[in-house]
Each structure stands twice: as C-alpha cells, then as structure tokens.
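Naming follows writing order (A, B, C, D and E), and every chain is counted from residue 1.
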C-alpha cells in the first residue's frame, strides 16, 4: 500500500499557499481599519476650519445656512441630529415588526414554492434605488397618505407625537419614516429570513415534539436562534435609515433649525444627510467644511448606535 | 394511563418517493414496543408518523390510518398539536434549546400550557424529570447554566427529561441511547421500564440487547434492496422475536448480531 | 505500517478548565485500542489531542507529550497539517461534505490536497474505500448523488470510507458506530480488524461489547465527580480488562453494563 | 473621445450649416467641461446642441452641480467655465488669479429668467385666473403673516375674484438656491418692512413647506389646494401665476416682461474686477410691462487660459451664447428672457478681452 | 403499580401532581387563538408590505413603459433640446447611463467583493475573537453606517488629492460605492461562514488538508450560495446610489466608456437629473412633436430600466446560487 513509503510527519505541501492566504486575510482585515481611519481623517481634516479656522467666518457661514437664526456649530447640528435620529427610529419601529412578520411568513408559513417567489420579490425591493423611492414618495405617497395622517391627527392628536393639524401636502417626518421603513424593510426581512431558515430542524422538531403550536415553535426555536441576526439586521437597517439622503431630500419639508416631535406637521425637523445634499451644491469652501462637520457628527452617531447594538448582541449571544 | 396505537395499511412518502410500504402494527398500551432493522429501512420514518412529525418535512405525506385509542390521528378534524402533546418524542441527536438553561429546557413543554407555574411546582417538576433521566445529580448545582453546555450524553438525557416532563401518554424514542454511555443507558432503560406503568413506549434501537432487555414487543423492519421501500417484516412479542422467531429474515438479522 | 503513540503526562484544557488530567498511555502500533468510560469523562477530548484536532477549539491547549513513533506531535517544528494527514479521524456525528457527491466525498482527502489522480485510480480508490465501509453495494449506482442525501447510518459509513481513503497511519474513531445499525456496525468492525494490519486504530466506544470484540487494548477513563477533570483510570489488554480487571472502578463499570 | 460617439443623436442636417462656417474662424474641437447653476441646464443643453452644429468636433459637457460647486470647481481649473446664479465674490476673484493664465476671472450674464409666484387654488388657478399681488402682500404671505386666501390684503387687490377662506400653504425651496436669493431680494428691496431677513440662498423662516429643487416646489404646489410658491417661469405649467404690482399696474409674467426690468437696470458698480458685467436688478422699476422678479445667471470665464484651446472655446462659446441666435435657442428650450440690447455691447467688449493667442 | 416497586432513580424525587399541568380547555383555546392570531398577523404583515411595494412597481411600470423603447435604450442625451424630438426620432435615451451604471458598479464589485470575502475569512477563520478581530468587526458595523453622501465626499477628496483638483471620473464613483458595499459584503459573508458547520472544517482538517484549502474548497464552497446572495444585496445597496455619484462621477449627456477618465452618468443620477428638470419648454411655434412633459417621462422610463437591470442582476445571482446550491441536512 502506498502509505508504507510515507515517513512519519513528513512536511506537508501547500504551506506557502497557506501562509499567503493567511496573510491576505489578515491584510484585508486590517485594511478595514485603514480605510476607516482614512475616512475619519479626511472628514476631520476637511472639518478642521470649524475648530482651527476663523470663528467669525464660521458663524457667518452658519448664519447664512440658517437665515441668521443660529450661528454656532452645535446650535446648527444638534437639531439636525435630533431629526435624523427621530426619523430613523420611527422608520425602524415601523419596519421592524412588519419585516419580522414577512420573514416568518416566508420562512415558516408560506408554502415552499410560493416562498421562493416571495423572497425574490423582497430581494428585488431591497434593490429599488432610493431615488425611485424618492420619486414615488414625493409624487404618489404624499398625496395618498394625507387622509390617513389627517385621521390620525384628528383622533390621536392628544398624543404629542401626532399633534395636528396634519400638514397638507404630507411632506412630513411621518411620511418620510414610512418611506424609509419601506426602504429598510427588505434589509431586515431578507437577513432575518435567511437566519430563520437556518434554524436547525432538530430545534424545531424538539419544540413540535413537546406539542407546541407553530407560533410557540417559533418562539421556542426560531426567534431565539435568530435573535442576534435580527439585531444585526436591524442595525444595518438603522444605519441605512440614518444615512439615507435622496428619499428624505425629495420628500421632507425640512425645518431650518429647532427640535420638534410633531411628526405630522411640515417644516419641523431635518436630517443631516439630506441637509448636506441640499446645501452642498451651492456651498462655498467653508460651507463645505461645516457640512462635513455635520457629516462627522452623523458618522459618530452611527458609531455609537452600532457600538451599543453590538454590546446588546454580545450579551444576547452569551 | 398510556394509550394504544393501531397502524393500518400505512404508506409513507417523501414527496414521490415511497419510503415505507403497507405497515400494519398494533402497539399495546402500557407496553414497550421496539423497532429494529437495518439502517435505512424506515424505522425513524414510521416512528415519526405516530405523532405526525413526519408531515413537517415538506412534501412528506402518509396514506392509511394511525389510530390512537381508535381515533385516527390523520383525520381532518385532528389537530397535530394536540397529537404531539399526547405523544412525546425523544430524538436521535440531542436537541436542547440552546438559549435556555437546563431548568428552562425541562420546563419548556409545560410552560406552553401553563403560563404561570409556581416556583415550587416548577422546582419539583424539574427535579422529578431530571432524576428520572438520571441527570439530577450531575446538574443540580447548575440548573441555570445553558443546556447546550453539557456533554452529548448529558444533553440527550436532558432531552428525555424535557419530553417526560409534559407527561405524555405515549413516548416515542428514536435511538435515544445511541449517544449515551452504558451507565446513562441503563438509567434510561430503567426509566423506560418505569414509564410504561403510565405511558405507552415506542423505541427505535439498533442495539438488539437493549430491545431484548426492555421491550415487550419487537417489530422488525426490513428493506428488500436499497432504493426500495422499507416494510414491516415481522412483529412479535420480544421473547418470541429473540428466542424463536417465525421469520427467516428476522432470524438471520438477529443472529447476525452476534456473528 | 501503523505507528505507535505514547502519551506522557498529558493535561488537557478548555481555556482554564482542566478537562483531563495526567494521561499516560502507550498505544501499540497495528493494534486496536479502545477508550471506554462514562459520559463526560473526556474520551473524545483525549482522542482529539492525538491528531491535534483539540487545538482547533479556541482557547484549548495541551500540556505534556504525545509521541508518534517517538516524535512529539506538539513540538514547535511539527506541522499539525502533516500530523492530521498521518492520523485520520472519524467523528461521532456523520459529517459528509454537503457540496460533494458520494464519490467526491471519498476522494476529498486526496483531491483537496491537490494530488492528481487518474480517473481509473480514483475509481479504484472509491470502490476500495466504500467496500471497506460496507457501503459499496448501497451506493454504487448513485456515486454522483450528493453524500448528504444518504441516511444517517449510510452517511457515517461514507465518512469512514473518506477517512481511510487517504491511507493514514493511525485512525482515530469517536463512537463511529453510534449511529449505525448492527449489520453496518459489524461491517465496520470487520473493517477495523482488517485495517489494523496496516494502521494503528484508536476507537472511542460506549459499547463495551464492541470494545471486547475488536480491541486489543482497552483504556478506561473515569471522572471523580462532575466538574472535576477526567483521568485514565485503568489501561490493560482487552482480555484482562473484561475478564479480570485489576481495578475496582473498572470492574464496577464493566459489570454495570449488564446490570 | 473617439469611441464616445456611441449612441449620440447626431443631427442629420449638421453638415448644411458648415458652409457658412467656413467664412468664420476654424471650428473648435476638443473636450470642454463646464459646471454650475441648475437653472441654466435646459438653456445650456440647447446651447451645446447649437454650438456643436457649427463645431461638430467639440465635445462639451455641462454638469449642473449647483452654482457654488460650479464656481469651486472652476477655481480648481478643472472646468473651462462655470455657470452661476450669483456674481463672483471678491474672494472668488482673488482665488481666480491662480487659475487663469493671466488676469482674473470675470462674469457675464447669459441667462435671464423671470421667477413666477405660482399658486394652486380651487376656483381660481384651475379656472386659469391670475391673482394680483404687490410686494408687501406677497412678502407677508411668504412670511406667514397672511394665512388665508380671503385675507383683506389679497382680496382688496383682486376685486373681481371670489377668494375662498382656504388656508395658505407656502411652498419654498429647501435646498440652497439662487432662485430663492433672487426671489427674496425682491422683497428686501420692495417691502423691507415686511421682509426683515438677511439676504441668503437659504429660505429663512419655517413657514409652510420646503421642497427640494424647482421640481419639488412645483409638484408640492400641485399636490394640495391653497398652496403658493415660486419657481422658474419655464416650469409653471398649468399652475396659476401672480401678476406683480409695478408702478400702478399689475404686470403678468412673461419672458419679455422679465427682460424689461433688466433693460431698466444698471450695472453693479460695486463689483470689482476687469471685464465684469454684473447686473444690479432694479426691483423698483416702473417700466411699462416689466415683471420685476427675475433671476440673472452668469457664465464665469478667464481672460486667459493656460491652454489656448480652452481660451478659443471660451470665447467662441460666450460669443454664441450671448448672440441673438444663442438667446433664441435658450428662449425656445428654457423659456428664458432675451438679454436686453442695453447689455450686449458691454458683454461683447468683455468677450473680446479673452486672449486666444 | 404498587408503591414498593417505586423506582430507584426517583428515590427522593418529589411527587408530581400532573393534573395541575394538564392543558385546560381554556389554555388550549388560548393557545389556538394565539396561534391563529399570530398567523393572521404575520400574513397581514406581508400584505401591508405589499401595498407600497406593488405601488412603487406599478407606478414605475405604468409611467415608465410609455417612453421605454429601443430608441430610448440605444441613444444618449446628446443633441436633446427642450421637448423636441431628436434626429433619430426619439427624445434622448439612457445608453450612456446604462453603460455608466454597469461599469461603475462593476468597478465597485471588483474592489469590495474580494476584500470583503477575505476580511470575513479573517474574522471567522483566523481571528477567533482576538482583540484585533473584535475591533475589525466592530468597525465593519460602524462602516455600514457611513452615510452614502459622506462616502462620496471621501472619494472625491481622495481623488482630488491624488490626481489633482476637479478630478471626476467613473472609478472615483466605484471607490465611493465600494466603501458602501464593503461592510455589507463582509457582514453577510461573515454570517454565512459562521453558519457553515464546524463539523465540516474538522472533517477536512482531519483529512490532513491545509487550512487554506479547507477554507477555499470546503468552507467558502459550502457558503457560496449565501455569499452570492449577500453580494447581490450589497450590489443592490449601491446600484441605486445617487448622492455620492453626483459628486464623484458627475453627469454627462454623451456616452463615456472609459471608467478611468471623464464624467460618467449612471441611471439613478439620470433619473434624478430628469426629475429635476421636471418639464421642458416648448416654444409657442413648436410642432405637436414637442413634448413638454418629456423629462419626467424619461425619468420614469429610466427608473424602469434601472429596476429591470437590478432584476436581471438578481436573476443572474440566483442562477449562480442555484447552480452551486448546497443540499441542506434533512
């Protein structure tokens, strides 16, 4: 037998390939750090005049952005930040439950043949560009959704969030949140669907074997298995919502400055990303620095959000 | 009290593939019935039709009748959930719920029906079930650790504890001891012996000694050839099966055990 | 020719947890050595240190020596890859490669190492290995079907075929028969008997009969208490172990088998 | 540039015009880029098509990035010219020295377009009727001081209309925009008491709703009853427009009416720098038929380029664009107002200053 | 059975009154109702989601089909003036934008997919949760939150610094997009690699296969369908980006096939630009062939083309996934 002329522990081939592969993998890992550092440094470098430049010129630029209402950077960016987070969280709340529902529908309720088609539809929707959502939201949804939000404002107006009167046309935070929810929904759906489908049959059968109904089986086996996947999908979705530019830009009637949770009224809030897009084309050099400063803040906020989410995931996974 | 199961003219399919053909078997109440036979002959498949787990596989379906105390499990108006509540199951591979503690694993089934169980009732039940599965002494100090942290054998015993904790009328076991060491196996066999006072037990085993030790009746499944459907070759009480089988194939198979 | 393994003062850790303590054992070349013992005592753990699979678990490490023909596997200059090429392994749960056909599964060890092998050599090898695992007749007509489509028992035999196809010098088996029916088990046992002409075999089993049937030497592992490290309690040739053990614990354990 | 012809809509008639071309200078060829004001986009498209009719080998691209970005890009030297809704700032002029081969950049008006006050009001705009507004009333509406359509201030000026009590929804630009600045500068000049905000390209208050771009404003105005906004005249469509009080009459919007106010305006003598032609719009004009709310958009070029080809192009381009032919093309494509003859000699003088040798 | 045979296992075990835990009629009913209710709710979730989805598609198709013809697909926007027809008989088209979209997205794929996969391999196969790996995977999460507009600014400035001010070209857009794709690729590959059972790695390693070959031929191969669908999602994430491309790739009316020089139009930018034009002017003396609403019509038609391009890419991805599909365990 051929094994007989083998000597014990003869060096194996492929060691160089092994090393190279490993090296490339490490390099790619580290590249992430480098790229991120580059982005960080650039943003910081471009935003530097805000800190190190002529403060008088800074206030003038910011005043020109706000019609003289605000002249300090923080006074400018914090309301924007508030609006960004408000819109994104609302979108996530709307999308989350619907997405999990759809994911479960595809993974565990719909007949297998139909499910493939349905998940194809959802995948496709993830690919609909935000500019199309912007078109659709601004031209179709805004007039169509007005009666509904008007109804909400009339009947639930005692809740500060829904304080009326509902703006007409509905170019409001509420409508934008709905559009962003539609946009991020496929992200959460397709990721959680994939995870749900991976739930080990053994786990599911264990639950069924105990006499669980389908829903109980899902609670016992599917959701716990998919939990960290759901959280990370939601975070991806939140990240997308926080950074969404075109749809917000094309739908929302923004405020210049100020904090408000009146989501059914127009000109109450604005988001950082769409504000950059709206101001950038006409901004001068210093104006661009201010806008990049706001971008840096947005970047930091996504950092914090993701960091917290990450900690939650880690705890849940333990 | 355990309940009897009668299987009449059962054909079992995976999609278009007929996996097991024309099974007729009467499983007595409060007895232990063992399924033996070569790999791939359909023991697990038949077992899983007894609590309608089979139909969870897409495309899988069953023809014929499975009567639990005379009531066909496959009748239109029968809810598979209630079938599985009355007919418990222990699987070939241990499958504790990975996110749950040992304690919660045991209680998982009971919690479905009883949202609020008093702490003391729960404690009692956990202890009873874990003792029954011969796991109590090993885990009593770490009931709140995750069930997935146990070794394979321990996990399987945990699954047995979980299954009996809901107090089903019939318990199906698919090679429950194949991952267990002899001491645990013995404990489980003892448990099976005890359980038959209250339940009907059906067990798939590849260990003929085990079948001989614990079963009252033994069903021998066979397979004409690979790709052909399996079938029930011979069914007899265990003594007859192992000492004086009236079926040539069965005899060959059983004596082959010691070949 | 098989090679001998000598384990000296081996302590095995999972992170900080000392799982197995001070193992000393001499595994003879071209013999079958069986590991037995209660669940959780560390049989699998020790076995996995013999081809450095243990260190794949993050945080896991080993103290002491494992000498393959006098050469310490854990020496700095030893490549674990070449260790694993010389020391094959069959696992407790069947794990065929899901992307590969039956044929490719058998050839995986050869192919993945970028060895070029002519079609006829490959055919011969596939047939040789599958016959050895008593699977040839069942699968010869569907060698190009996916390996994952086989039943559990068939899958495990496929994994055995895959392991022997690379002609290792030592074959480690972790409860390879726990998912097999008796006929397949028998075939595998026969195979083991054949293989020991060329290879050294170490097998973990919970089936003492199996150990008695096939092993030349038997090692009994034990566990003082749960949470304590396991250890090698008693090592002897199989006849002594089963007929006249010089160790009380071992005797209790072995006789308990038939309790 | 050779492969780029793929998919081009080449005019089958393009050769016919090359006969009269022979009389003039040799046709321009090469790649030329411009960037800047979005307002000029439709006109520039027409100009490019027209220019290429006589210079088929010139490949011209205009990126409507916005005036600010257009000027910034121009000042890096990456573009041959910039389009801008604003005249150059002193700072820009200073920076341009580094980009131009010699001298400083200058701006000439190329595109004049009236800004319409558009509204959507049941029973009025859909009946094809105008409303009359004076500067103060309009300013108060856009400042949220007048909130219903039947407010006496409006009703008094529109005796023949039956105005409903519908609330007014103001719609304004949400992005930084030259249109906004030109629009509110009218209020600042003509109704300083009603409009107290600083002049800015950003909309200064939170009245009503903001929308991105002229297209956003128009579609928002269309979406609800009672809305009022402002937009480039060419985008008005079937919305109602306001006639603005000039002197004692209310003048309706039209391209010619927009041209008249420029004709009646002076050059801005505060614009420092050679060759510059910057219009100081005379919002107080009382010229007959003039419509005072207009946007003037400029082209920004260097008097000398490091690459003479660019200089040749810039000169030919501006010559064409400001010619009657060019202005006619813009009028057809974008509905803009023609450059008044009062400006043309100034403009030609500046263009002549571009050195092509 | 008699008390004396009471099982030795259960010595000391509490006596349980199982009737207490029997399902009562009400609890059974509650569970059944809950099950039905949740099934209903879950199906409802799908229906709710379908409303906007169908509406988006319907709107795009109805509005887009009007101008979507061969002429639209085979011409660019040169020589298009106002609402007038072009010499070719159409009203301008998207050929240049289709080419730009494919090239820029392709460039982004070539940059980010290899890096992303190898980074995931590093995280899952090599790092074993070390400090560096924790940082990397944390930063990947963070990176997925980079707003696209910031990615655009980053690429713009990088090219400005390296290749001189005012540089605008296709590859610059690819760089911006790859920054957005990378975290999605890494994350989805990471998830997919994690799902590959450890059994398979062990089986391969135990055969004496090197780690590199185990990863390349077993792990990546097993995860391939998941990776492909992850990459498709990542492409889907960027193919419709508008804001960063406005800054980096620019906008041009003619066709440019050179990714490395000159401005390039992509479909989303085209849609946005046409939307911004809203309507075209038709002079008073214009013929009936002059269509004032043509820019919006082109915008919708291009949106439809964009959706179709995405659809085709998806189809290709699915086909690839299917061809290499792994049969999962029973």
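The definition used in the following text is that a contact is a pair of C-beta atoms (placed from the backbone, for glycine too) under 8 Å apart; a residue touches a chain by one contact, two chains touch by 3 or more.
Since we're looking at a predicted model, the values are computed, not measured.
A.B. asks: Keeping to the contact definition above, tell me which chains border both chain A and chain D.
C.D. replies: Under the touch definition, chain A and chain D have E as mutual neighbours.
A.B. asks: Enumerate, in label order, the chains that touch chain C and chain E alike.
C.D. replies: Shared contacts of chain C and chain E: A, B.
A.B. asks: Closest chain to the protein CA centroid?
C.D. replies: Centroid comparison flags E as closest.
A.B. asks: What are the two chains with the top count of C-beta contact pairs?
C.D. replies: Result: the chain pair A-E has the most contacts.
A.B. asks: Would you mind pulling out the distance in Å between where the CA atoms of chain A average out and where those of chain C do?
C.D. replies: Distance between chain centres, rounded to whole Å: 49 Å.
A.B. asks: Measuring from the mean C-alpha position of chain B to the mean C-alpha position of chain D, what distance in angstrom results?
C.D. replies: That pair's centroid distance is 83 Å.
A.B. asks: Where does chain D touch two or more other chains at once, residue-wise?
C.D. replies: Residues 38, 65, 219 of chain D touch two or more partner chains.
A.B. asks: Taking each residue of chain B in turn, which ones touch at least two of the other chains?
C.D. replies: Expected reply: 81-82, 85, 93, 112, 166.
A.B. asks: Quick check: what residues of chain A touch more than one other chain, meaning two or more?
C.D. replies: 12-15, 18, 139, 213, 216, 249-250, 277, 280
A.B. asks: Each pair of chains that touch: what are they?
C.D. replies: Touch list across chains, by label: A-B, A-C, A-D, A-E, B-C, B-E, C-E, D-E.
A.B. asks: Can you list the residues on chain B that touch chain A in the complex?
C.D. replies: Going by the criterion above, the answer is residues 51, 53, 56, 58, 81-82, 84-86, 88-91, 93, 95-100, 108-109, 112, 159, 162-163, 166, 168.
A.B. asks: In their shared complex, at which residues does chain E touch chain D?
C.D. replies: Counting only chain E, the residues touching chain D are 74-82, 86-88, 90, 92-93, 95-96, 160, 164-168, 246, 250-258, 262-263, 273, 275-281, 283, 286, 292.
A.B. asks: In the complex formed with chain D, which residues of chain A make contact?
C.D. replies: Touch residues, chain A against chain D: 63-69, 138-139, 142-143, 146, 167-169, 171, 249-250, 252-256, 258, 266-267, 277-285, 287-288.
A.B. asks: Okay, in this complex, where on chain D does chain E touch?
C.D. replies: Contact set of chain D toward chain E: 3-13, 31, 33, 38, 41-42, 45-46, 48-50, 52, 59, 61-65, 73, 76-79, 213-215, 218-219, 234-235, 237, 329, 331-335.
A.B. asks: Any idea which chain B residues touch chain E in the complex?
C.D. replies: Residues 57, 79, 81-82, 85, 110, 112-115, 117, 121, 123-125, 127-128, 131-132, 134, 136, 166-167, 187, 190-191, 193-194, 197 of chain B touch chain E in their complex.
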